[in-house]
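Next up is a structure, given as structure tokens.
Which chain is which? They are A, B, C and D, in the order written, and residues in each are numbered from 1.
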Amino acid sequence: MPKTALKPFLKYVGRRFFFLILTYFVAITIIFILPRAIPGNPLSQLLSRIAVQGAANPETISNVQKSLMEEFGVGKPIIVQYLSFLGRLFRGDLGTSINFYPKKCLDVLAPFIPWTLFLLIPATLTAWIIGNTLGAVAGNKRGTWMDNLVLNTSLVISQIPYYWLGMLLIYTFSVKLGIFPTQGGYAQGLLPSFSFKFITSVLYHYVLPFLSIVIAAIGGWAIGTRLLVIYELDADYTIFAVNLGMRDRTVFKYVFRNILLPQITGLALNLGSALGGALITELIFNYPGTGYILFRALSTLDYPLIQAIFVILIVAIYFANFIVDFVYAIVDPRIRLGQGEGS
Amino acid sequence: MWKAMIRPLFKSPKFIVGMTIFLLIVLMAIFGPILYPKDPTSFAGMPEQPPSKEYPLGTDTYGGDLLAKVLNGTRSSLYVGFLVAIISMSIGLLVGIFSAMKGGIVDELLMSFTNIVLTIPSILLAILIASYLRIRSLEVIAVILGILSWPWFARAIRAQLMSLINREYVYLSRLAGYGDFRLAIEDLIPAIATYTFMAFILFINGGILGEAGLSLIGLGPTKGVTLGVVLQWAVLMEAVRRGLWWWFIPPGLVIVLLTSSLLIITTAMDEVFNPKLRER
Amino acid sequence: MRGKILGVFLSVLLLTLLLVPSTLGQVSLPRNETLYTVGALWSATTWSLYAPSSTYGTEHFLYLPLFIYSNMKDGWLPVIAESYQVVNRRTLRIKIRDIAKWSDGTPITAQDVEFTFACTKEVGIGPGNGWWDYIQSVKAVDSKTVEFVMRPDVVNYASFLGYALGIRPVPKHVYEPLLKKGVQAVKDFQNDDPAKQVVSGPYKLFYTDPNIVVYGRIDDWWGRAVFGLPVPKYIGNVIYRDNAVANLDFEKGNADWAGVFIPDVSSLWTQKRLPIGTWFKNKPYYMPDGVNLLYISYYNPLLRDPNVRKAIAFAIPYKEMLDKAYFGYGNQAHPSMVIDDFEAYQEYIDRAYARYVWGGDGKPKTDLKKANEILDKAGYKRGRDGIRISPDGKRMGTFTIQVPNGWTDWMMMCEMMAANMRAIGLDVKTEFPDFSVWWTRWTQGTFDFILGWSAGPGFDHPWNVYRLVLDPALYKPFGQDQYGNFQRYNNPEVGNILKKIAAALDPKVRRTLYFQLQRIVYRDLPVIPLFYGAHWYEYNETHWVGWPNAERPWWFPAAPWSNSALPILFGIAPKGQTPKVPAWVELKAKGGLLIPTNDILNALSKAK
Amino acid sequence: MKDTLILSLENVRSYYAKGNYYVKAVDGVSFNIFKGEVVGIVGESGSGKSTLSNVMIMNIKKPLNFIEGKVILNVGANFLELNTLPRQELQKIIWGRETSIVPQSAMNALMPTKKIRDFISDLVKDHFERALNEEEIIERAKQRFTDVGLSPNDIYRYPFELSGGMRQRAVIAMATLLNPRLLICDEPTSALDVANQKLVLKTLEQLRKREIVESIVFITHDIATVRQIATRMVVMYAGKIVENSPVEDIIKDPLHPYSRGLLLSVVTPEPEIKKRGISFIPGTPPDLANPPIGCRFHPRCPYKMDICEKEEPPLKKVDTNREVACFLFNK
């Protein structure tokens, strides 16, 4: 990159960074305000658990409640709370989980996150690649039987919720045919280790959740890309190139490249919903990822843990967004050289 | 004009297929619960029965009639979908139009706000908000989803208006001394009507899917049966792994038919109205 | 293509990351040496007792109590303790076994017990929480003898004995340094390093991740000489998403020992022919585990009239509720709140009086006619809409009956009760709020009707139920948190009787007092007992056999979640081997080790 | 005077297939273009003139169909029947080398994410594989850029780094890079301001004068432009040629009633009017899916005769170098 070009690039990246930080701040503030705006006893679940566990001794429960209220308790002015909340966030302290008390939320979450990444990233990328390819080919062969096939299947497939597809896959391949395991991240009784047995078990359990995310996501990408290809094939620059005798293949290469750029941004914007989908898919498959722990946190109203999950997920999404912006800025000369903002 | 817009639609096989499926489901949602008046929430009958004459779609673990649940669920899901669409469309139109007409600092502020909402992952935020609400009616769910899904539409509307505003005839209306509001009504809205209609359909789609997603993780409506709630119970009761297909296939199928028929309708409309996609 | 390579690369990278923390040589648990349990573990938290809720197993396998109580045999199994000695009516000495040792070889001493109590008081959470309300002092007399002195102002043998006999000592040499650092250090201690765990029980943590907790047997456990060794080498607790997932795994034989609600459980052996059993082969399948009640709050003035309450008691469709919503897993509760399914508690019920008040066998039968008569007689006239008007002219409604959303069996029961109450002219509708809302309303008394639990069988039953539900000492105004006396029933007379019962050592005296209490309960109807909740206990004999049941009732409580179920692990066997019930699970008189509760009470009453 | 034939269309029909019917965008068109000519093809939007530009180089892509006729191009010394050549062949040896199209919206005609130089190198590779020295072609591109009034270093820039007028000229430079015989300009000036319009026209004229291109076809709705640059004017209406005359003649004396209407219309670039067609000729252009029987102009024609509703007037010579399709002159 020539030196002169560096400045607009940095300016762009800097602006995006600032914007994401700002947005993250807004998100964090929402996360902070929500529990305080709505009354309720977040400790109820924990207390009831002790109550049910046979320690029906009223004194015990009152004592525990007192002790916990102090620890999780509020009462200070809201601004002080907010600042200390931000301060703790800044130090990476996401608080103590109620249900996993006395575990720190971060410690509770840590083991689940790699599983989600392990599922989400390859699945999303695979879907993105296959979907874009299919869409591009269909758009390029517009009006042929292949285009119709891709378009019509995509229209239906893109509307199949991940989780329902997951259910169908489990029902078909696990329950009826018995080809794949019905649930979990690896076979019960195995202890995680760097052994052939364990790794094959993990991969074996990986197939269905992976497929359910990939298949459900392909359609959306294919539809979008097809449309973009059609637009681009009709774009002035394409027509000009064709009329100059450029080969169809070369032209298509250009078009595809130009489409991938907006689709990279699409990938970033889509990450949130992809993550949401993956979380629910994990739930369906009892896959030991973040979705599973989120569901547990939600069903037990473990608010510190819920907050921590969202703080982390949103950070992850924004980080990914920023990475994508960065890549985008490098790949797209218009942004790199400071002309326009892209689409 | 009206005729010219509608007629080409009915030449599109996609539009006809999509519309037929959609209308059938709407009819089912409206008349189903009347023609099959079993109470969807009552616990009665034999548990986990496969479809039979008495229970056309079988029963769940508590003997609930699944046909009744699916019919009422379709109705509620559609209701949520429409509410979401109305809410997000209204906000989107308001923000988009206001932003485009006023311009300047108003535009800048509104667009920053829009971008922030757009960047915050809406599904996660919906989950977060819903998790704090103890009593969630269908309307509350719709509001949560509605207030999170408008930004892309607002941006698109603004962009469209901006390009329209620069056109001469709008300029002429301005010269003629029309106020901004009248300008908006008379000249601009017709120009963006088709687009808005298509967005409306997509919002319904988003609403239905969003509700189902929220319900599935246990954050759906606390009162009433939606398709998502039926699915949620199927998951909670392990209907899938226990092979109770009649429990989870019908509600999911209705969702897919409903949303894909809507998507097919918009695709068809796009092909008919969008000059770039029209086959010359 | 480049993306695909990236994808594969990332996958491999992440997989490696996943595996880094595991340095175990072992790849899998041998199935025939591993016992899998279901329904006891929802999340691993801490393996320290100084927490509101520790990981399943901490109390069950890691830290043993001085005595384990069996409510079926009404006897105390001396575990860490060897014997007790009554010094006087307020003083009890307990001798700790000489061979008792922590897993690091340090002897378990009286000082450990003393420290455990002291630490709990300081931290505010922990074993024996609340002991200071009943016990004046805990002192080590010598290294193996600990002395408990009851408070002179609060004579409450139930609580005194409960705390003294049931305490689970923690190793002083581990906790004292923590306590010196501060209370928070104790609270934060998670005790999750298998290598550093110092336990008194026959198991300690072997492996854990978010999906599973595995305990491994300590083969040179100190108690081996007395009790032998528990049979399973490993105990695996899979952490399930919810009941349904757990049930399915249990059904498949992936888990052996369950304590979960399984819909229509008998179909597992009658239809599916699975080697699965519960306590009883036939209805009610399960032993009772507690009294579930309809709490009618005094919050709404319209519901304070005992006539209304009595009419409701006759309107409730007990049998229908149990059969349809509960799959018949329990019996209708006795209106006295005493669990009449246990032989030991029968004597506390004034049966003649119950029959006099409620007719038939002493339990109210669903009788809408009678309910209507009661209301008619009390001056509640029906309004035009069929809803009654109270004598002072108020419409009887709209009331709500509520349970948490998602508790389907209870939700179903509420619907049934509401329908019957509407039939007798009370406008009742159901409401299924979120759990936390329900909990807040319940503990603050701001509800009309709530279906809720109370207490279960124990050596202090039925005192424990009466005290939780009725004690005016637990009375708090509406809107303030209190765990107990949820309906806000404020009757000092009841308070006096409860105090006397707690102080009474003579069973005859106690009996008379209980009879008095029952008269008040039948008169005022502060709550309406509905049914006994089931002691969820199921076993799958695919891999392990020898489980106790009604035909071989060698130990109870039998559910994996019960912290008194440890002896079961000593009497089961892998499939193919013959299980041998250890001799020590019997009462002393029958050649075992169990000390009957009455022996202790007698010794106390004989002392000066 | 015009001896060397460059391009010849013989009764060409090319229709858009739409479901079960055709839109007859080019319907029986014949004309010749000779060396040195600048032919202006004039017509309203929807008259088929843009489709004609594709047909002239045989760039036929679905849903457009080539129904019948011959498209003959003079390549070297041979006459090639383009409609018989496969697409790959056309791409390789005809398009860009023998023919070139300067598109309407030069603003967006350049590959947005490629440097111009890279684009040129890709283009050249597609045409010549390794036969041609790339350096040589780059040098020629620089030269051509200079010719059209740009800096030679502009080829190392991205399109978005150029202004609108510069881009227009860059497009012309690239279109003529391989010295095509025939340059087809599809409304190249409609998006430009007057100053740039003049500049472009001047550039085109110079290219022809220097014989970098041999003939130019200028497609436009704007008669004023045609008057400035063209030697001959072809008027299209509803997929057909209605008149084909030297510019001076047609301006002096338009034969076809439609030509007359066109010439009388005020030249206005105002978009709304452009869209609605020629405002003072009553009626609208016909639906090409279902054109009127007989003369396609008859519903709007002030001189309509009975025969006009029944028969199609053929395009006939009425003078040495004038052709018209109208029964007024066809007796």
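Here is the rule we use: a contact is a pair of C-beta atoms (placed from the backbone, for glycine too) under 8 Å apart; a residue touches a chain by one contact, two chains touch by 3 or more.
Remember, it's a predicted structure, so these values are computed and weren't measured experimentally.
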Using mean Cα positions, find the chain sitting nearest the overall protein centre. A
Selected pair, greater C-beta contact count between B-C and A-C: A-C
Based on mean C-alpha positions, I'd like to know which chain lies farthest from chain C. D
Whole-Å separation of chain centres (CA-atom averages), chain A against chain C: 41
Roughly how far is chain B from chain C, centre to centre by C-alpha average, rounded to an integer in Å? 47
Whole-Å gap separating chain A and chain B, where each centre is the average of the chain's CA atoms: 22
Would you please write down the residue numbers of chain B that are in contact with two or more other chains? 134, 218, 241-242, 279
By the touch definition above, chain D meets two or more other chains at residues 63
By residue number and range, which residues of chain C touch two or more other chains? 242, 245, 434, 436-437
Where on chain C does chain B make contact in their complex? 242, 244-245, 247-248, 263-264, 324-325, 405-406, 408, 411-412, 415, 432-434, 436-437
Given the complex with chain D, which residues does chain A contribute to the contact? 142-143, 235-237, 239-248, 250, 254, 257-258, 261, 332-334, 337, 339-340
Listed in rising order, the residues of chain A that touch chain B in the complex are 19-20, 22-23, 26-27, 30-31, 34-35, 37-38, 40, 143, 151, 155-156, 158-161, 163-164, 167-168, 170-171, 174-176, 182-183, 223, 227, 230-231, 234, 269, 271-273, 275-277, 279-280, 283-284, 291, 294-295, 298-299, 301, 306, 310, 313-314, 317-318, 321
Which residues of chain B touch chain A in their complex? 115-116, 118-125, 127-129, 131-134, 205, 209, 212-213, 216-219, 231, 234-235, 240-243, 245, 248-249, 252, 255-256, 259-260, 263-264, 267, 276-277, 279
Could you please specify the touching residues of chain C with respect to chain A in the complex? 3-4, 6-8, 10-11, 14-19, 21-22, 24-29, 31, 34, 36, 42-46, 51-53, 123-125, 129-130, 133, 159, 187-190, 207, 209-212, 214, 236, 238, 240-242, 245, 249, 254, 434-437, 439-440, 443, 453-456, 464, 467-468, 471, 474, 481-484, 561-563
